[in-house]
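Each structure below is given as structure tokens.
Common to both upcoming complexes is chain A, partnered first by chain B, then by chain C.
Right after this comes the complex of A and B.
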């Protein structure tokens, strides 16, 4: 790759018609002519589609013919097309960072569709600024990071075991750590599993034995993460196993710590005897069960102003336990007081219908008129018949929500990942990156992230393993080269105020043992927040240097 | 990890299949992706926004489409179908039929000149037949691959031996009327992922919606039609107007469980409608702040992350009224305004509500052609004809080495489809890597 930093800038500008998206509103040929007269511009042309093979060939040809050392493409959006053009000029023999994208479609012709003249003037300004910035661009290298092909899964419940099994089966050395003395998580305490009504302990035992017999898979029980250092591909993790400290080196980490149960004290006269939770009912059902008049109350402690969310597993849990009771004793009366019954999809809805057919009764109540649990009866206002019902009971079962673990914050801090308002872990994007964190190399699945059932927990465990495998499968990966930098010659400017350390959303800036600010480039995403807040302008944002940005401003408004 | 000679086959280029393919490709495993339609993107490409973040759907999808197309480890066969599968887990051989587009992929740059000149006007499937396209067409504006396709059924040359204007118009000689369907044979396919998505009940059985006036009353549309009406690149350019008179609706009724949770059409729950309805009502409100929305529902199902707060915001900030009810019928007045006759389940009264537009949350059904595909793959289907999966392992089909993800095995939202896409990829990688 040639380094043309020292040469005089010779910028090539390519104006894209984008079919009629740009060309239909403004005169691209005229815009290209205009660009040709700008300072430092050695060549300009317009293309119907610069991104087509024809357009890309034109760029590569022009680099050779006109000895270009910088390229500007004015077209759609860098979001989708910057990687393509960077690759193209790289094939043409230039450093990929000697490229500037000027957005004249999404931010110009699309938004000014009704003002062709104004759009043309704006496009001129944008191209002028882009060419000026391009002249100041410097070559950068992608940062290469070695990958240690070892996985760590935190949490030995159903999600964590699924993830660990998959990683080890893919051939990666994997550690699975569990804070309790045995694997299995919440499932160990359950009776049966919906919607297939199989025995929970049989299911979990078979999974545990698979984990214990897997090659490449090392299980550490009674173990907690004490400290985590490093970045994608190179994490050093300190584990505390009953006082013994172990250090392991891993390339990727999966968070599968599960969730906790809400403390039911104060809800609907909970007393742990004849007013209990679904979770407590599970153990009763295992031991043998005598009650005949059972009232279940859904959304106990959830979907209220204090805890807005729906815990999504409680309706199915109630149906499952109601069915079990009716199967054992068809004369038992089971009434479920609910707000909106949550049985999405195929199997759950089928299960709901079958439960109704067994004679379980359903009564809808409103958030504004909560059921009242008295000594011998439950009072509930039945919306549909428009009057209060008094239901005698010998057992009230509260369907309480799953809540986030109290120590999530602690682990989140060690991992440098965020949690949301309810303290569940927060993924990178709720829609399209459900198993990732914004931090590379750290992934999440199961109820650590949000209440989900076993089926979804297992698929999320696999999902997190897949994401981890995309890193672990390589001996080396490249990460963004346009990062923040505290150059040697600027170190004297740094006052050590640590504002950058606080504002960095990726925790990429630390104060090192010499009391100096240090930027860990493999963690930096080049967002620029540190550079913008640095009180003494010591930090340089590569590819967005003050010089480069000022040149754009001067091109726009300067003389 | 060493390069593996075995590849993976992903059938279906919607968001679930795309995620599966990208993960496998990023693991260094070669992927062949087969998509029936001219472009990948699936249903997500047709949506306007996505809940609960209200991100523009195509804007967050498009980079994934490009990534799929450009990835060195992915070979994309669009406008293609899997015809035959033989062998077993770890070593399948697959026949793919790549249908002729009558356009040379290497030459077409999607300039659109041919479509401008094409004299034929045919219903645009992508826009749910709410506008016309030409017989030579781009499946959708931002589609990948960005290549035109000739609709053989509608093209004047193929139907009447006339025209060929597109051929004369194309400056790059990309039109090829002699192009033939191509049979592609893949060997050494380690695992297969089925992600062929879903259809909607109106795609196969419009009559199932007759009680709601669909197809008869012009101001009754389906939810996916409404997505296209809201979309800036849709048939109304993002201005929501009634189909009868072009007026902007001030009152919209959204009817839930249309076909779903019923004995007449489908007993299961379509899972996504409660949420997308709230989103559609929010977006419609953003288009017109005088809008009142009415959501007629049985149970509001909002279990996902941030979903309950989304509903609360809908009710408090976007004029959405949620009415627990049973719909009796829809009638119209002389101005074609729909009148909804319903039983209000909060007070047992039979009521009527006159609105300007009705949007039906219609039932998700297994994708057309699923029986044939199941036969080709030798996998079982469930009671409803979705792909049958192993209890508790939703990405595993009845056949070793064949995995699945997304709505083809159960109705689900995008985050779950994406997670399952990755999950299926993880399991497929296990087989390929000999685990």
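Right after this comes the complex of A and C.
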């Protein structure tokens, strides 16, 4: 790739009609003419679809014919089409970073449909700003990072085991660490599994034996992560196994730490004897169960002001246990007090209907009028009949929510990943990147992220493993080159104040052994906060430099 | 403003949008065909925390009528905490602008990738609010020359290492504490910030006033309407920072020059 840094900028501007999406409102030909007269612009043209094969060829041809060294495309949005055009100019012989995207569709013609003149004026300014920035663009290289093809899964519950099995089956050496002395997690204490009435112990035992027999899967129990250093492909993890410190090197990390149970003390007169939780009921059901009058209370401690979320598994758990009790003893009275029932999909809905048919009763209560558990009866205001009901019981079962582990924050800080307001781990994007963290090479699944059932935990375990394998399957990957940088010629400006070290959310800036500020580019995500903060303005944010942004402002506001 | 002018005045606005939330929200507004006035031009940055105060001041200096900074909602930042840094930087910028009455021309807001409708709403509101406010006194041919000097002083002040160190350390000092774990109370930090803003504004006013010619403390005090003893104190600090130096004595009065 040729280095165009020293050359005079020769910008090519390509105005896309996007069929009629842009061209239907504003005059793209005229806009291209306008662009042609802008400073540093050596060539401009309009295309029906710049992203089409014809459009892309036009760009490549123009690069050669007009000796262009920068390209601006004014069309849709960089969020969808920047990679395509970067690749195109790269094929045309330019560094892919010598490209700027101007958004004249999503943020212009689509939103000013009744103001063609206003839209045209806006498009002109945006093109002018884009060309001004383009003239200042500098070539950048992607940063190459070697990958250590070893996976680490934190948490030996159903999610973690699914992820670890999947990774090891793909051929990656995998470590699975579990803080308890045995694998299995919460599932070990459950009785049956919905919706197919499987024995939980059998299910988990077979999974554990698969894990224990997997060839390249190393299990460390009674072990906790003590420290994590490094970056995607090259993590160094210190593990504390009952006081013994072990160091392992891995390329990707999966967080599958699961969740905890809410402490039920203080909820509905909980006493652990005749007012218990669903989780405690599971053990009773395993051992043998004699109660005849059972009242279950849903949303006990969840979906309230303190814990706003739905724990998602409790409705099905209550149905499962109610059904189990009724099947064993048809004379038992089981009443479920609920606020809303959550049984999505065909299987769960069928399960709910079957539970009703077995004679389980459902009574809806409102959050404002919570049931009151007294010595022998439960009082509940029934909204349908407009009266308070008094239900005698010999066992009250509270459907309490799953809550985030208390030590999540600690692990999150080691991994440099975020947690949300309830302290569950927060993925990079709920829809676009559900198994990823914003930090490359770290993934998440199961109830570490949110309460989910076992089917979903397994899916998420697989999902996290497959995301991890996108890194582990390469010997080397390239990461974004638009990072922050302390250029050699700016080093004398650096006073060593370390404010950049403090504001960097990714701990990518350190003071090295020579007492100099050093930016670890593989860790840098290019947010630019350090550059906007640097007390002596020594740090340069590549691809969004002060110079580039100021030239955009000047192009717009300059008189 | 006269009602008629309000109708004809089209505010010239600039928006800094973070790539992950607000820019995506603006794109969604497009996909959803939400209609809003075309007055605002957008500069895409990766994070609202990238918006250097000097960018905002530069835009105002050029006569742009209003500047909008938008990022991810608190807690949702793609870069974990960049938007919290944006708040601190923005607040400092706003405080500087309060001293010259331009603070109501800048705005910080959060728009997520799913808030296309809201993006249209907040931009429309901004356009209307600035239209109500009228053109920037720094726009047009008969712009306020004295104000321009002041905004240039602010531009230098927000880039000074004192202000940048303060704003860069603010969050850590007030939220997490220093190396000994001692937290600096927010209100005390605010006082510290206010003092620094006042001092740096005046100091940089002095520097701007000395741009074309060397001046005495007395004449600067008169020109800038600041107490001569205060100007002298500032001059000594500026001298220590090697930004000014003593030039000569004319009629018993020392004259300083800008370096």
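Operating definition for what follows: the second predicted complex is superposed on the first by the 533 of 559 C-alpha atoms of A that agree within 3 Å, B and C clash if a C-alpha of one lies under 4 Å from a C-alpha of the other, contacts with A are read in each partner's own complex, and residues count from 1 in each chain.
In this section, a residue touches a chain if its C-beta (ideal position, glycine included) is under 8 Å from a C-beta of that chain, and two chains touch if they have at least 3 such contacts.
Remember, predicted model here, so these are calculated numbers, not experimental data.
**Q** Of the partners chain B and chain C, which touch A:450 in the superposed model: first, second, both, neither?
**A** After superposition on chain A, A:450 lies in contact with chain B alone.
**Q** Once the shared chain is lined up, is A:60 touching chain B (first), chain C (second), both, or neither of them?
**A** In the superposed model, A:60 contacts neither chain B nor chain C.
**Q** Would you check which partner chain A:434 touches, where first means chain B only, second means chain C only, and both and neither mean what they say?
**A** first
**Q** Between chain B (first) and chain C (second), which does A:346 come into contact with in this model arrangement: first, second, both, or neither?
**A** first
**Q** Could you look at A:532 and tell me whether it touches chain B, chain C, both or neither (first, second, both, neither)?
**A** second
**Q** Of the partners chain B and chain C, which touch A:79 in the superposed model: first, second, both, neither?
**A** Touch status of A:79: both partners.
**Q** Mind working out whether A:463 is in touch with chain B, chain C, both or neither, as first, second, both or neither?
**A** First partner only, chain B.
**Q** Compare chain B and chain C by how many residues of chain A each one touches, and report the one with more.
**A** If we count touched residues of chain A for both partners, the winner is B.
**Q** After lining up the shared chain so the two structures overlap, which partner does A:286 touch, if you call chain B first and chain C second: first, second, both or neither?
**A** A:286 sits against neither chain B nor chain C.
**Q** Would you mind listing the overlap between the chain B footprint and the chain C footprint on chain A?
**A** On chain A, the residues that contact chain B in one structure and chain C in the other are 79, 420.
**Q** Residues of chain A touching chain B in their complex?
**A** Result: residues 19-20, 48-49, 52-55, 79-81, 83-84, 149, 166, 168-171, 193, 196, 198, 203, 303, 308-312, 340-350, 353, 364, 383-386, 420, 424, 429-435, 445, 449-451, 454-456, 458-467, 469-470, 472-474 of chain A touch chain B.
**Q** In their complex, what parts of chain B are in touch with chain A?
**A** It comes out as residues 1, 15, 23, 26-28, 50, 52-53, 55, 59-60, 62-64, 66, 70, 106, 109-112, 172, 261, 267-269, 271, 299-309, 312, 324, 345-348, 382-384, 386, 391-395, 410-412, 414-416, 418-427, 429-430, 433-435.
**Q** Any idea which chain A residues touch chain C in the complex?
**A** Listed in rising order, the residues of chain A that touch chain C are 77-79, 103, 105-108, 110-115, 118-119, 121-122, 125-126, 129, 416, 418, 420-421, 428, 438, 482, 495, 497, 499-500, 502-503, 505-506, 525-529, 531-537, 541, 544, 546, 549-550, 552-554, 556-559.
**Q** Which stretch or stretches of chain C touch chain A in the complex?
**A** For chain C paired with chain A, touching residues are 12, 14, 19, 23-24, 26-27, 29-31, 33-39, 41-47, 49-55, 58-59, 62-64, 75, 77-82, 85, 89, 120, 159, 161, 164-165, 167-169, 171-172.
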